[in-house]
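Two complexes are shown next, each including chain A; its partner changes from chain B in the first to chain C in the second.
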Partner chain A sequence: MNTAAKTAAGSPSRAAAAGRLVLRRLGFAVPVLVIVAFGVFLLAAASPFDPIHQYYGVQIFDASAQDVAAVRARLGLDDPVLVQFWNWFSGVLSGDLGISRSMRQPVAQVVAERLPWTILLATTGLVVAVLIAVVLGTAAAWRQGGWIDRFVTAIGYALEGVPPFVLALLSIAVFSLGLGWLPVAGLTDAGSAISIGQVLEHLALPALVLGVSQSPWLVLHLRQSLLSSLSEDHVVGARARGLGEGIVVLRHALPTALLPFVNLIGTRIPELVTGAVLVEEVFSWPGVAAAVVTAATAVDYPLLAILALVATAAVLLGSLLADVAAILLDPRVAADG
Partner chain B sequence: MGDVRESVPESTAWESGSGQWRSAARKRAGTPRGGGREVRARIRLWGSLGTLVALVLAALLVPALAGNEGGVHYEAIRLPPSPEHPFGTDTAGRDVFVRALAGLRVSLLVAAVSALVSTVLGAAVGTIAGALGGWTDRLLMRVVDTVNAVPHLLLGIVIVALYRGSVVAVVLSIALTHWTAVARIVRSEVLSLRQRPYIDAAISGGATRWRVLHRHLLPAIVPQAALSAVLLIPHAVWHETALSFLGLGLPPHMASIGNILGDGREAVLLGAWWIILFPSALLVVTTLAVSGIAASWRDGVVPRRRSELAL
Partner chain C sequence: MINRRTLMTTSLATLTLLGAGCSAPGRTGGEDPGSMLLADGYEPDSLNPLLGYARTGAAKFYDGLMAFDGNGTLLPALAAEPPRSTPDAKSWTVRLRRDVTFHDGTPFDADDVVATYRAAIDPAYASTISSDYAMLAGVTAIDAHTVRFDLNMSYAPWPAKMVLGIVPGEKLADPAPLTDSELNTQPVGTGPYRLVEWRQGEQMIWEGNPDHWGGAPDIDTITVVFATDDNTRAQRVKAGEFDGTVLPPLLSERLGVDGYRTVHHRTADHRSITLPSRHPITGDPAIRTALNHAANREGMIRGLLGGHGKPAHTPIPESMGHYHEPTARFDFDPERARRILDEAGWRPASDGIRHRDGRRARFTLMYFADDSLRKQLARAFASDAANVGVEVHLAGVDRTAAAERIGTDAIVLGDGNPLDPDLQMYSTLHSSAIGTGTYNNPARYRNAEVDAALDGGRQAIDEAERARFYKRAQQAYVADPGLVYLAFTDHSYVMRTDVWSGYEPVVEPHTHGTTWGPWWNVEDWTPKR
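Showing the complex of A and B:
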């Protein structure tokens, strides 16, 4: 893979092709993001649920009709959807993301406070998943049909059917309550300040759960693509030259198997976001994904629209990165396709 | 899967003696029979079918027979599993065994309806895009790309949250997020069907576009669409469970697996692991049985790699 990467990245035409791909994808991403935001507004406007009730809570019974009307006017709830959307959209273009009604904070502040924690959780989870996949997938394909293979494949298929929140709850029951190794939930212990040790201790279980719940697709895919690359001509050639088994598998077969794997990781980003929503919710992790649930239950359009945009942008970025990586790493990929 | 090399000795042993030349010929022709693989596939199919039938029967019969057994009993709160309550009891003293099976019934029903709606929608979009081509096709495929760019659960949460507590919203939230995979598969199927001589024959025979569509194209995509519907069921179960677990899905009085697990969250912290473990085990076994059936069906109908069809 090293030589391939060197020659590929070294040739200016491929880098230029990757650049063109980035531009084309950005051209696609902008309308998609606008449509997604507009879709959220349309859906919210069609909802029978009145956001003013959430804003006031039970105090709406004491509020006078004028006050309610004034708040409605201030929040712009009486405007038609298109006007609301335009106000919001022009605000976003000028850097004002609006105010989250459920968190009583500017949306920008909510996102800025919570996004880093989600990115931390999601990337740690992804790294865990990829590590599991590379180690177990290689081990399974190496001795196909052996006991490691049977065990890994069976566990993989079984785990595909287990939702992340079940995994999360069971791991809390075992590791936090049963064994008492790790804390149950939250970012830090109650009342203690944020420190690296505290966060790492609280991150371990959610990140492991997220990683393990994402791993079966990656493991099974890597196993399959390693199996097919093990029967390719260059691997047969390497074996025929008498190279050691370790070198054949790790240096000749694995690199070709990893290329489609990089693409798969890119397409798994939506599932990673989904998993993050559920895992954050179970572990009370203070990230943006858990805020989706809060925002949705409160029909908090400004926050919901931004969170939908963040998630969509993450998905588009993930698939873009995967495609760029494929172009740069694999000389066989048609760069202008 | 794909263990061609390894299964050759197994298959000769299995076909004993006279079959040996046949397996060699099959190998040359690129269609090895792979005894172990075939036996395993058959075990998977019948095992999955048997499990699913047993679960569905249990889900239909047990709650009906149990009657009030599954009701609220405040004197029997959070009892661990015992012969009397095989799965234990929950925070309201309800029998988890009866409740989980009743929940399974709700979950499966919602999932099946959602998968059906989703497949019909996806098949319609896919057929129109594939059959009309041109701008319609490009536009519809951009719509598919756009929907795919939003994480399914997020879009589902948005839809469900805005119409809380309604079964229709849950079904729609699943259907509106999962049709894109079906649309893609059906579209590519229609595109390849359009090249077939019998379509040319129908057109040169003077068939209108509509007649070609509903007499020649639609019947041909039914098997693919049906397979997609079954493949969608585990996803739909999963999606419904996740929504209900977050408290956004089915109304609380409809005990679905997701609602049961959502209710059980606090109970786990009190040490009542059985309230979570058994219903989720039931959920996992059910989704595995359905995907086992779907996978056997797919391997029989579409000899393609698993990863290509994973929805």
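Showing the complex of A and C:
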């Protein structure tokens, strides 16, 4: 931790505590990631799929048993799972992510081509969800029991039970097929090159669906914590001093309510990852989702493991960022350990 | 033209303050005769010929030494003239074109041919087409523009194997598995088109090769959009977005209006039911012949394929011309089927299912659960069989499970290659293929007369003599059937009519994608305007 950061953070001891938290969490993350990767190998080995069918495709119908056996041996498909894991793991340690058999490309290339699109979709979805939550949650709590509150709460509970892909199909039916406002699927129109306008147009619907599908938890939670902070002493005091409603809610109540909200966002990251996979599949978004499915049915260990690690890392990072934010924002929060 | 979509985009773009990102109007098909927009329901895993890309020719990015002319004849492509063989058809010499370069500018010569064919048979490369070239013993460059193929047997149909796309030798310098070969995603060939961009899961853009030895294609840009859902593709064609696509017969039929036409191509792509020889029921000759007479092939084609298919009795379709034996057929005659079973001692029990020696006439028929046509055919076949007193138990399976049970349970198969009758018959019916691979003669069919005729067809070089052998094989097969061939399925397409000329119908193999179909010779198409 350098001095500039100390000054910026205001309180050197809290910044240092946060720094220690980050280091400790990163330390924990390493064994967690290794265990996750190993688990993925074990699960894939236990799956009923025979990777040779994916590798050969329709050529399997003409392939001789002898040739298939030779290819199996050459690709190491029958090596024990521990050997496969070790080959992969030692490769990763030396910076080689391995080769994706199912995508016929180096894993690094698959991830480099697809991950940015998933990150774009997931972050836009998260921003949409947070915006919806802050606006609707505040509006609902402000006039508890009013028609906005009743409407938002009812819709929120209903949406919690709707899986993202149902929402996605519905929105395609309404906005693409019915109203014709937005394209059905893909990254660009057929035959068009990638341009900002094209991508935005195609991003709008999937990001909206992802955001809306993640928002109910955030909305309802923010409403709840805003309600309790509205009854706290400092808010009652502000009201007693005769401050305007707007200032009381937005400047006094909301900041205290936002703290647990930030934490909640962190814990919602796993849901966001799963939601993104489903939404990508429905909208033919060229992210990692399609690769996950292909890799799983092809028992493509290196790709499967890396994708699982990316998801795990996103979850760990999400909760870490939320905790760090909480420490820096609220002096009452103690850094763990 | 400003529509609501563009408006929406513009406001979105402004909202997000990304400024200049106004959308270009989406391109629709048919506007520019120099470019074509196709939709495909199938996306290849790899663009490497050695991993099975376009193994039946029409590879677009690649040329073979020979190419199919669409009507059963092979013409020289990268070969300067038809290959010459020794009288025993064991050694084939071919002279190569001298005026050919690869897309990356390197010249094409004998070393590239040698490297490509060696990689196909060298286990070090883990090529998935090695079994297709099991007869190849060695390939040698005699000089820079002449190559000799030495086979380990007499093999007259060898020229049909020479459609394999040739890749640059230097891309195969390292004898490692082809799993991450550059050619899988960035093909380099000599073909009429080169790949500009492949956004996997989305689309592929081809660009005409101006230096192609056959002349630069008039249609300079071809975009292939991947959309797996049949109904989605149909809707987008209806909206005028695409210049053509592949569709199931019934769906395509409805779209052949307003500047589009529907074409149904004949194929050698059969659907058939294996009857395992070692199974006590399906191994019985009376049951085998009876089932062949019980199957209502015309009914299945009418009901399940909308009439777009041809009945199959043997693996050789009528479209293979002089190799087809018209008398080798089974009439649809349930009465006759019942009589055959009665005479063989299969007596119906109270529930209508026949028994003999205390054994019930019942067997299991597997189909790939994800293939709806095979499932429907299996159902139709089961009901036809029940009609004559044979119970067929259906089982939807995945490929791994099917491979384990294929020797003992019946299965719905589908395959076909019109390039040569040997490719269509040998590996499914010759007894020497038994046990050499999961799908090689999976029913363990064995008939000395069929074996002899198929061997004769491999050894004879004269076309008329070969035709006689294959006709004899078909006759011997129907006297002692080992499968129930049901139908050759037509492949159906929708294509725009008013922009280009050059379309020629073609007899197709069992293949996916837009490499075949009406666009098999798209490099020769010309704009009408």
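The rule is simple: the second predicted complex is superposed on the first by the 325 of 337 C-alpha atoms of A that agree within 3 Å, B and C clash if a C-alpha of one lies under 4 Å from a C-alpha of the other, contacts with A are read in each partner's own complex, and residues count from 1 in each chain.
The rule we apply is simple: a contact is a pair of C-beta atoms (placed from the backbone, for glycine too) under 8 Å apart; a residue touches a chain by one contact, two chains touch by 3 or more.
Being a predicted model, the structure only gives us computed values, none of them experimental.
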item: Chain A as common anchor, with chain B and chain C clashing or fitting; value: fit
item: First, second, both or neither for A:22, with chain B first and chain C second; value: neither
item: Which superposed partner A:270 touches (first chain B, second chain C, both, neither); value: first
item: Partner chain in contact with A:157 - chain B first, chain C second, else both or neither; value: first
item: Which of chain B and chain C A:48 touches, first, second, both or neither; value: both
item: Which superposed partner A:113 touches (first chain B, second chain C, both, neither); value: second
item: First, second, both or neither for A:235, with chain B first and chain C second; value: neither
item: For chain A as apex, the angle formed with chain B and chain C - C-alpha centres, to the nearest 10 degrees; value: 90
item: Minimum distance between Cα atoms of chain B and chain C in the superposition (Å); value: 5
item: Chain B/chain C common contact set on chain A; value: 48-49, 184
item: Residues on chain B engaged by chain A in the complex (per definition of touch); value: 1-3, 5-6, 145-146, 148-155, 157-164, 234, 238, 241-242, 245-248, 261, 264-265, 268-269, 271, 273, 276-277, 280, 283-284, 287-288, 291, 305-307, 310
item: Interface residues, chain A side, partner chain B - complex; value: 28, 32, 35-36, 40, 43-44, 46-49, 144-145, 157-158, 160-163, 165-166, 169-170, 172-173, 177, 184, 217, 220-221, 224, 227-228, 231, 264, 270-271, 273-274, 277-278, 281-282, 292-293, 296-297, 299, 304, 307-308, 311-312, 315-316
item: Chain A partner contacts - residues on chain C that touch it in the complex; value: 3-5, 8-9, 12-13, 16, 18, 20-24, 26-27, 29, 35, 37, 39, 45-46, 48, 51-52, 55, 123-124, 126-132, 134, 177-181, 184-185, 199-203, 205, 223, 225, 227, 232, 236, 241-242, 398-401, 403, 413, 415, 427, 435-440, 510, 512
item: For the chain A and chain C complex, residues of the former touching the latter; value: 48-50, 53-68, 70-71, 74-75, 99-106, 113, 179-192, 195-198, 200-201, 204, 284, 286, 290
